[in-house]
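Two complexes follow with chain A in common, the first pairing it with chain B and the second with chain C.
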Partner chain A sequence: MTMKTLLAKIKAYPYLPYISLGLVLSLIPTLVYFDVLRSSYVTLIGAVMIYTIVALGLNLLLGWSGLISLGTAGFMGLAAYASAYFTVNLKLPFELSVILSIAIPVAISVLVGLISLRIEGLYLAIATLAVSEIFRKTFAEFDFITNGFSGKSAKYPTLLGFFKLDNTMTYLLLVIVMVLIMILIHNLINSHVGRALNAMRGSEAAAQAMGIDLLKYRLVAFALAIALTSVAGILYVHFIKYVEPSKWNLGLSLNILAVIIIGGVRNIMGTFVGAFVVFAVPDLVLKQIPYFGKIANFAYIVNGLTIILVILFYPSGLIRVFTDARIAFNKFIAKTRGKTA
Partner chain B sequence: MSHAHVKPLEPGIILSIEELSIAFGGIKAVDNLSFQIKEKEIFGLIGPNGAGKTTAFNCITQFYAPNHGSIRFLSKKDETVELTQHKVHEIIGLGLVRTFQNVELIRELSILDNVLIGAHIDYKTGLFNAMLKTKKNRKEEEALKNQAMDVLKFVGIADKALWPVGGQPYGILKKVELARTLMCSPRLIILDEPAAGLNDIETLGLADTIRTIRDEYNCAILLVEHDMRLVMDVCDTICAINFGKFLAKGSPKQIKENKDVQVAYLGTKEDLV
Partner chain C sequence: MGSQYYSVGGCEVSTFVQLVTRSLETGSIYALAALGIIIIFRTSSITHFAQGAMAMFNTFVVTILFTKMDMPLWMALIGGIISAVTTGFLVDFLIIRHTKKVSPVAKQIITLGLIMVFVGVIPMMFGVEPLNLPQFFNTGDITFLGAKISYNGLFNISFGLIIMFVLFYILQNTKWGLAIRTTASNEVVARMMGVPTKKVTMAAWAIAAALGVIAGVMNAPTTTVTPNLMDSVQLNALVACVLGGFQTFYGPVLGAYIIAILQNLFAYYFSSTWGTQLLYIFILVFIVLRPHGLIGKKVIKKV
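For the complex of A and B:
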């Protein structure tokens, strides 16, 4: 095999963008070790990956299936608290805790879905908002489980009962989980299930006429979104090692919504770009700006402006910037080549 | 789900509608309508605007639940089924598939993917097979993709298979919708105004396509259409309705000569005064 065909083969590999992203991200701890980057970058980019996972769930729900949830934060918090309680208080193994902390929110989501998704998709937004607020109150009040307002601590994961992860290893676990989830979603949306979700969003009448059971697929989309939200919640509590009730408010849910609008609706890589803009740019860039950086909630203002600008100029998300740049670059190359020829 | 015993259809009949009625508030959109469609028949349902044709379609395909009446259908398994006992998404599995008056396609998907949605019920693998892209799932996808390409070749747009649906001209969209109905090997296809928005040449082509579908796919076709040339040209039997009520039934020639039909479409001499 020549070099060229090998390169072409690699280029055509469908998972290439996700694996490349994973490889780049896994370099960050090394760069920190050699003092190229500050150590806070590991935490920051780790958090971006966690929010990418939640936002992928929401993108599946809103982007592909056309359903709105406003309760992302509550479900994420529920999974985080559950995993902290199972591993710290009940001393359950990490793997078992993961299974339980996904199963509980998903079971609740199926119940909420069964009640609210029967008539029309829109009711899900109201139901999830209400449930999320109930969760938040619960986190504050049930302090024998959640430790109330003083917050709850957790540890880095211990795999298989003996393999204790440290900060860097947990970060690498995040990279692996995120890349795997990206690949699974890539497969899903390109399958018949993905087409069914698309059909549900594009035309409910056509979907029904083609044999797609709306309630079933709405439930599938919602349960999957909550499963991903739970994975993110679990990773959050074992990476940041601390949760408090006030974090899981509507503001966080709306930030996740901003992630997919800014990054790219129905775009997996775009979701990461969006999470980076919403959750890393404030710390990396905005806080360094003199004067403005000191304004409280300056990040919210910038996020709002970004959303407006993106909707106006890049309705399919900032991920399009990269595509446009590549097209412009190719045009430029063709032009200069044309001149020399 | 178990269903009450359904009276078998007479031999040669594929769809039998008896005393079908549905009212919206005080308005009877379909009023005591009965007709039968034979196997491999091209059956036209005509009537002036607002006669209740599309409502009748929606009752047959269970988008609306009729207030009264029975709709018996000979399913793919050669069993007589009562359609009113089935949910809207179960209808296609019985062998009855439809198109829509205002093309219902998914803009963001390719033409091929839109056609593959018509094969949704043929996928036997589930969510996890799809996520992990197992061998079973890939095989199934491959086979149905080939079938979809054949169908696209049949309607003559195979070269455009990978183009997105959004932005395509109306004539192409109509063909995509038609192709989508052919994926489920149907017994009866319901076409809701297939010629609406097409130019004269496209309409002529459509008549041929409809006949070829009947012959190649061995199915019956029920169509609602305003283009009288197409209806008279392609239909074996025509049923005319007005204000939701049965008006006349017969061959194209009989319908053309029927006084009631003429009055319904053109009015009487007194109306002119």
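For the complex of A and C:
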């Protein structure tokens, strides 16, 4: 096999973007070790990956099936608290805690979905908003589980009962989980489920006529979104090691929505770009701007405005910038060549 | 309170009357907010998630006019309504008008983006200190069936009812009302029939914002004026729309009063912490039985 065919084969490998992203991200702890980057970058990029996982779930729901959920933060908080309670108070093994902390939110989401998805898409947004409100109240009131407003601590995960992870190892676990989920979603949207969701978004009536059960596939999309939200909640509590009730408010749900819209609807890599823009750029860039950086909530306003502007003028999201830049560059090259010839 | 309620029959009635009047007061707030949401929903086919955020923003304007500029409350309220009408106009003129080709889901997301903008600018414009807004009438009450009802409560109930009565009168009996109803039933046909749908939508956004600020000013004395001022009102107003159905203007108003009454009854007779939560679960179950709300009817889609 020549070098050229090998390169072409690697280039055609469908998971290449996800795996290379994972490899780049896994270099960050090493760069921190050699003092190239500040140590806070590990926490920052780790958080970006956690929000990427939530947003991937929500992107499946919003992008591919056209449904809005406003309960993201509530469900994420539920999973985080559940995992903290199972590992710290009940001393369950990490793996079992993960399974339970995914199963509980998903079971609740199926119930909520069964009720609200039977009617119209818009009811899901209102129902999840109400459910999220119930959760937030529960986090504050059930202090024997959640420790109330003083917040609850958790530890880094212990795999298989003896393999204790530290900060860097947990970060690498985040990278692996995120890349695996990206590959999973890539496969899912190219399977019959993805095609069914796509058909439903195009025309519900036509999809129904083709024998697609609307309720079933909407429910599948919602349950999958909540499952990924729960995974992110669990990773959050074992990476940041602390949760408090006020974290899981509507603002977080809206920020995660902003991730999808800004990064790119129906785009896996775009979701990561969006999460980076929404959750890392404020700390890295916006706070450095002289006057505006001092304004409280500046990032929140910028995200809100960006959502509106992207929907009105650039509906494919920021991930499209790369393609558009390449097209513009090629045009420019062609033009200058035409002139010189 | 509890022992009295069990011992004396007369007290039971008075407690109940007190609960109902308090419910009517919160019901007015929810109803005004819900009416704002349904007017937008019917004329622009957008679920207006930012109704509460815009109301909160304009209530801040009222509070600043009242506390920092020493205006009387009624004048501050008028200032707030002017500011509300302006924000409503601007939102329609700058954003909503340009969403003809945007999908319904994306339109909802635009209103979610609006929440972020309106909540976000509060600390920058009005500071981070929680502010207070007083009631219209601080003292005085009347006794009815052994229950004490404050003048302010009576004022809120009647003010809410009068505004809604006037609005429904306009909707049913004037040319403008007819234009709004025509736009609500079918925007494209309405435009072809010469209804100025652009002006109608603009008016709808202004009216919704004004209703919001009135609800906000009524709600403010029960709590402090913070960015979270209207969160629960917004949620209850949305739930009222679900309960009453999205197909009529009066359904959500009815839903709002029902929710307020049940909420207070649940809170008093069941649990003050979990009453509202239980109510939401009840409403979810109700939706299973009547998916299109109390008044709503199934909309038949043509393919």
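Criterion: the second predicted complex is superposed on the first by the 323 of 341 C-alpha atoms of A that agree within 3 Å, B and C clash if a C-alpha of one lies under 4 Å from a C-alpha of the other, contacts with A are read in each partner's own complex, and residues count from 1 in each chain.
As a working rule, contacts are C-beta pairs under 8 Å (C-beta built on N, C-alpha and C of every residue); 3 or more make two chains touch, one makes a residue touch a chain.
All values reported here derive from a predicted model rather than from experimental measurement.
In the superposition on chain A, contact is made by A:Ile301 with chain C only, not with chain B.
Legend: residue contacts after superposition of the two complexes on their common chain; A:Leu214 is shown touching chain B, with no touch to chain C. Once chain A of one complex is fitted onto chain A of the other, the partner contacts of A:Ala127 are limited to chain C, with no touch recorded for chain B. Once the two complexes are overlaid on the shared chain, A:Val321 sits clear of chain B and of chain C alike.
For chain A, the partner that touches more of its residues is C, with chain B and chain C as the two candidates. Touch criterion met: A:Ala205 reaches chain B and chain C at once.
By the touch criterion defined above, A:His192 reaches chain B but does not reach chain C. Once the two complexes are laid over each other on the shared chain, residue contacts for A:Ile119 go to chain C alone; chain B is not touched. By the touch criterion defined above, A:Ile108 lies against neither chain B nor chain C after alignment on the C-alpha atoms of chain A. By the touch criterion defined above, A:Leu257 reaches chain C but does not reach chain B. Annotation: chain A residues 205-206 touch chain B in one complex and chain C in the other. Contacts from chain B toward chain A in the complex involve residues 61, 63, 87-93, 97-98, 100, 104-109, 113, 116-121, 123, 126-127, 130-133, 137, 141, 180, 184. Interface residues of chain C, counted against chain A in their complex, comprise 47, 49, 95, 98-99, 102-103, 105-106, 108-110, 112-117, 119-124, 128, 231-232, 235, 238-239, 241-242, 273-274, 277, 280-281, 283-285, 287-288, 291-292, 301, 303.
Of all residues in chain A, only 184-185, 187-188, 191-196, 198-199, 201-203, 205-214, 220, 224, 266 touch chain B in the complex they form.
If you check the complex, the residues on chain A that touch chain C are 62, 66-68, 70, 112, 115-116, 118-119, 121-123, 125-127, 129-131, 133-134, 137-138, 141, 205-206, 250-251, 254, 257-258, 261, 295-298, 300-301, 303-308, 311-312, 315.
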